[in-house]
Amino acid sequence: MSILVDEKTKVVVQGATGHQGQFHTTRMKGYGTNIVGGVTPGKGGQMMGDIPIFDSVEEADADASIIFVPARFVKSSALEAISLGLSPVVCITEHVPVKDAMFLMDYARQYDVDIVGPNTPGLISPGKALAGILPPHIFERGEVGLVSRSGTLTYEIIDELTKNGLGQSTALGIGGDPVIGMDFLSTLERFEADKETKAIVMIGEIGGNAEELAAEYIRDNITKPVVSYIAGKTAPPGKRMGHAGAVISGKSGTAESKIAALNAVGVQVATMPHEVPKLIKDVL
Amino acid sequence: MKLLEYEAKDIFVEYGIPTSTGYVIEDVDNLKAILYKIGLPVILKAQVLVGGRGKAGGIKMAKTEDEAVQKARDILGMEIKGLPVKKLLVCTPSEIQKELYVGFVVDRNKKKMALLASTEGGIDIEQVAEKSPEKIIKEYIDPIIGIQDYQCRSVAKKLGFDGNNMLSLASIIYKLGKIMEDKDAELIEINPLAITPKGFEALDAKLVIDDNSLYRHKEFELDLKESQEFTEIEKVAKEAGLAYVELDGDVGIIGCGAGLVMASLDVINHYGGKPANFLDIGGGANADNMKKALEIITMKSGLKAIFINIFGGITKCDEIANGILEFKPTVPVYVRMMGTNEEKAREILNSAGYELYQSMQEAAKAAVKR
Amino acid sequence: MSILVDEKTKVVVQGATGHQGQFHTTRMKGYGTNIVGGVTPGKGGQMMGDIPIFDSVEEADADASIIFVPARFVKSSALEAISLGLSPVVCITEHVPVKDAMFLMDYARQYDVDIVGPNTPGLISPGKALAGILPPHIFERGEVGLVSRSGTLTYEIIDELTKNGLGQSTALGIGGDPVIGMDFLSTLERFEADKETKAIVMIGEIGGNAEELAAEYIRDNITKPVVSYIAGKTAPPGKRMGHAGAVISGKSGTAESKIAALNAVGVQVATMPHEVPKLIKDVL
Amino acid sequence: MKLLEYEAKDIFVEYGIPTSTGYVIEDVDNLKAILYKIGLPVILKAQVLVGGRGKAGGIKMAKTEDEAVQKARDILGMEIKGLPVKKLLVCTPSEIQKELYVGFVVDRNKKKMALLASTEGGIDIEQVAEKSPEKIIKEYIDPIIGIQDYQCRSVAKKLGFDGNNMLSLASIIYKLGKIMEDKDAELIEINPLAITPKGFEALDAKLVIDDNSLYRHKEFELDLKESQEFTEIEKVAKEAGLAYVELDGDVGIIGCGAGLVMASLDVINHYGGKPANFLDIGGGANADNMKKALEIITMKSGLKAIFINIFGGITKCDEIANGILEFKPTVPVYVRMMGTNEEKAREILNSAGYELYQSMQEAAKAAVKR
């Protein structure tokens, strides 16, 4: 098992013929993802290698979508996928206006669709399907579910896990923006329900209080062991640390607060990224 | 993108929110003409994009012309939290009977705009939230249909107003929400919203526009050179499209991906070092980007070491290596790289005498213990 | 029994202090409707006779709402009631822009709220509750459910029914606009489910094809006898006969088509209004 | 409110829909200057608000100047379905390869805007709907979030277009939908939307604005005197706020409530009479309204009888009775009234020699059999 996507999920790529879209569509297909086609309005009927291009999502007959279109077209592209009930809709694109993100999340809720992102590296169920831009060679099939607000930091920790013989069920980047679809809570819920996942790694960072809420949720709902790492312990208040969501406002959003909340519910928080595998081994 | 008080107030006026407006000067010589127009006393307010202006002496009352000139000169000569005061807002003081707070923020957890209001205006709303959360009224806005007038009336009522006062306040709240929506703001605040004998009046104004939406708001064309939101180095980084934050240590940091860079700072700190900056070159950076990144972080004086942390996914390690060599750093550089083209990068760097670390903690330790 | 409202329904009146609102609020209360208050923003705390006025619908703690506000405020007033889940929301106001009506109907669907109108005389469950502007003295408690696109024509037919000893369970004006909430189909469904209703009178008019759809619906879903009258047999095409919805476009929307469709499914259609009671007696 | 072809096309141009525009004249004397500008041949199109202009001879092609002047004069002298042609649109004919239909309507049953399109353009879409319904493509628009570009692309695709042609067509459809939404239209149509060697082109334009929305569309301020949508009597009725429709019989009808008035027409007709009009005085009419209503219906010549049908709910019967007496009708009047203040009304009318009927069928029968 795995969460959200597996080898059967029929995936369409919106914005497949752009520079990024082309590269990653080909790579996802190469990894074994069941890519049923790309969508670029006006290019319907063309082939990109062995991947058919459609004018609309409807024509592709897919279960899930990955979006690479420029930020200003994300709202419309996502609405197209949501209105057809595709799920998940993975929005790789960054710099999506937060008003558009709020609109989409509310619309997706009405259609019972899971949005991943925006501004996410996507997700991978190793050995089954890659629905995103994560570097697949560092992943290994296994029993650790990983959820993260960060991209490269995820790769860093995945690399450590894999090197230490700890494969992954699914690894999911929820995205670095303030308003995102799948969040820690909804992802933890899926991992709890997923039979293959035996332990969960949660990678947080400064800004907001998603980790504090996750701690409460873990206390009340999660029976599987959870290990965490929080980035930004030395970040100053009021400054946006790369991610739009990574900013400490006043006293809220600090790493200390998050670590304390997690520790309080029995979640071990690694001091440095490379310590995560050891903590996982302790709890497994 | 943060707007200055007077810029935000101009938008308030456009939307019909009663506002204590005034005149903006950059030069004390222009003050007398304004005093002639609006009379005395006056309030002089430094136009800077940081909080705590008042405490820092950036807001002064003046009762005579001489006092006004002297205080205006003082304020226009100040730096507040590192930012020089370039503009001064001159306005007539209002007769304040009570101060309220009204604002809209993006609520990450609800994934909706939240309307916040409180009878405890004039002080930092986060302090109110901490000390007496029951004094904050919250109302969520449906992201699809937008703000509704009855929500504003409900909040105005809960703030303790009735009849026409309730309607006037609701109308101000509604207009504020419309600005939030129309202008793609991520934050808008009136603090304080004063009750005066003439009615409600926005004495201060805070407005932060979502940078990601600027493409559809040509009215906010960012003039980086004129911007008072960033330090000089931050401006150069912004122009180069790199996420840069200045910090007060001496170990320069470059990494790819915001999370990895934050972790890099933390690891440097863990080993007793002090990061000089945050710099994310993003994914897929080439040699030129790397060279530019090094230029930017070395604009800061007093750098003792540079820690470069690359996990090459889309990013090719050899490009990064070439960028380092092109720049020829004069400060010791500690490079951790792995991933795409790692071996090529190792050859390039080794042949130039640099060591290449495979783990970030080892590289960080070396950069600190140098 | 009855449909939509009865003596227990707590009703709030939006726009109660206006000229029309005042008159009808007092009349409804006088009839026995459980009027819990009126809403006029800015007048909260006042009393209108023994009826309290509130600033918001929320404060009134009602189950259902009747709207008398001017057309330009209908959208906002109805949204307020809908978002609180009040049902039905009866919109007496006429001249509501059709764009606003479409918006409201979709929003109400999401909240599972019944809208009656706009441009409706409202409804009455005789002896229990009056939620509208119908003249209550002509009604009598009984077993006939009546649904109509017209106001005064309804009174005409109700008067004939009452005179002939045929009382009514509920009489509902669905409104004369092109886009309305409760329509023939949803009202017929309620009457079918209502134990007290033994026969149904459906008063249609030219324009649209609501009566044709109702005929199909009656054939497939309604076991109770239905009798009809259709106004506008002599109306010319292309002209709006008073109601915004009463216009024949080309060949569609004619009385002939409606009468034929109803006859085809066994519904007797009266030639003149005063014949309705006889037809009802025939089927009861 | 119906717009004339050229008025609708002006809006098309504003929204960037490619349109065969031209010049509008009211006087043939101005034609030559236009011919000098746009050359020959030209199409001359009567600007009237009724369908079937072409069949009625209101659209003509002219190849020479003399022919143009002659035909323009003919058309400007015409009446089409009772409406005089006051304006003429002069434009250059397009090279038509194929004609499509695109339009938006309000779908009463779905309670949504429906986008309709067909490859069978140039003819009445209702004919297409009847004969080959499979040739009509339908797409419903979400009333809350509005029209989406992917819906327009889907329809353009289903019309048989690919690549850039599909995108161009989708863009036209999208803009048409935006006009529908922005302008509160209840109907908008391009029929035909021509394919020409230069691309798509709207050759005709139909746009009907929702009267109930006019308060928020000051751009459509109705000038009743200038309006070509109504007959003179209809204009007077509109000014008085009464719903009036002219019919071709000789029994004048006044009633309260649209449904009751329609039923009144039907009953008159049932007994062999011919209604001269539809007039709804609405609910709560007073003596003045009644007097005005009588003035309006008697503007039509040849009236043989008047049937007044009042079911007094809000309406007070005595007010109606007084209105009748004030007007002093010269045509026999048959009054049916019941409800509020019925007895008072009976006294008033009886004392003036009028009979008062209690049932509408009896009153109608009397008006017909007089």
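Note that the chains are named A, B, C and D in the order they appear, and that numbering of residues resets to 1 at the start of each chain.
Note that contacts are C-beta pairs under 8 Å (C-beta built on N, C-alpha and C of every residue); 3 or more make two chains touch, one makes a residue touch a chain.
Since this is a predicted model, take the numbers as computed values, not measurements.
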{"item": "Shortest chain-hopping distance from subunit A out to subunit C", "value": "2"}
{"item": "Interchain centroid distance [CA atoms averaged], subunit B/subunit D, Å", "value": "56"}
{"item": "For subunit A paired with subunit B, centre-to-centre distance based on mean C-alpha positions, whole Å", "value": "27"}
{"item": "Sequence positions of subunit B contacting 2 or more other chains", "value": "142, 144-145"}
{"item": "Contacts with two or more other chains, residues of subunit A listed in rising order", "value": "107"}
{"item": "Graph class of chain-chain contacts, one of line, ring, star, complete, other", "value": "other"}
{"item": "Interchain contacts, given as pairs of chains that touch", "value": "A-B, A-D, B-C, B-D, C-D"}
{"item": "Residue numbers on subunit B that touch subunit A, as the complex places them", "value": "106, 108-109, 111-113, 124, 126, 130, 142-144, 181, 184, 186, 210-213, 215-216, 243, 245, 247, 255-263, 265-270, 275, 278, 280, 283, 311, 313-314, 338-340, 359-361"}
{"item": "Residue ranges of subunit A in contact with subunit D within the complex", "value": "41-45, 55-58, 76-77, 79-80, 83, 107"}
{"item": "Contact footprint of subunit B on subunit D as seen in their complex", "value": "144-145"}
{"item": "Contact set on subunit B toward subunit C in their complex", "value": "142, 145, 148-150, 153-154, 157, 162-164, 166-167, 170"}
{"item": "Complex contact set, residues of subunit A against subunit B", "value": "71-72, 95-99, 101-103, 105-107, 133-135, 148-156, 159, 176, 178-179, 183, 203, 205-206, 208-210, 213, 229, 231-236, 239-246, 249-252, 255, 271-274"}
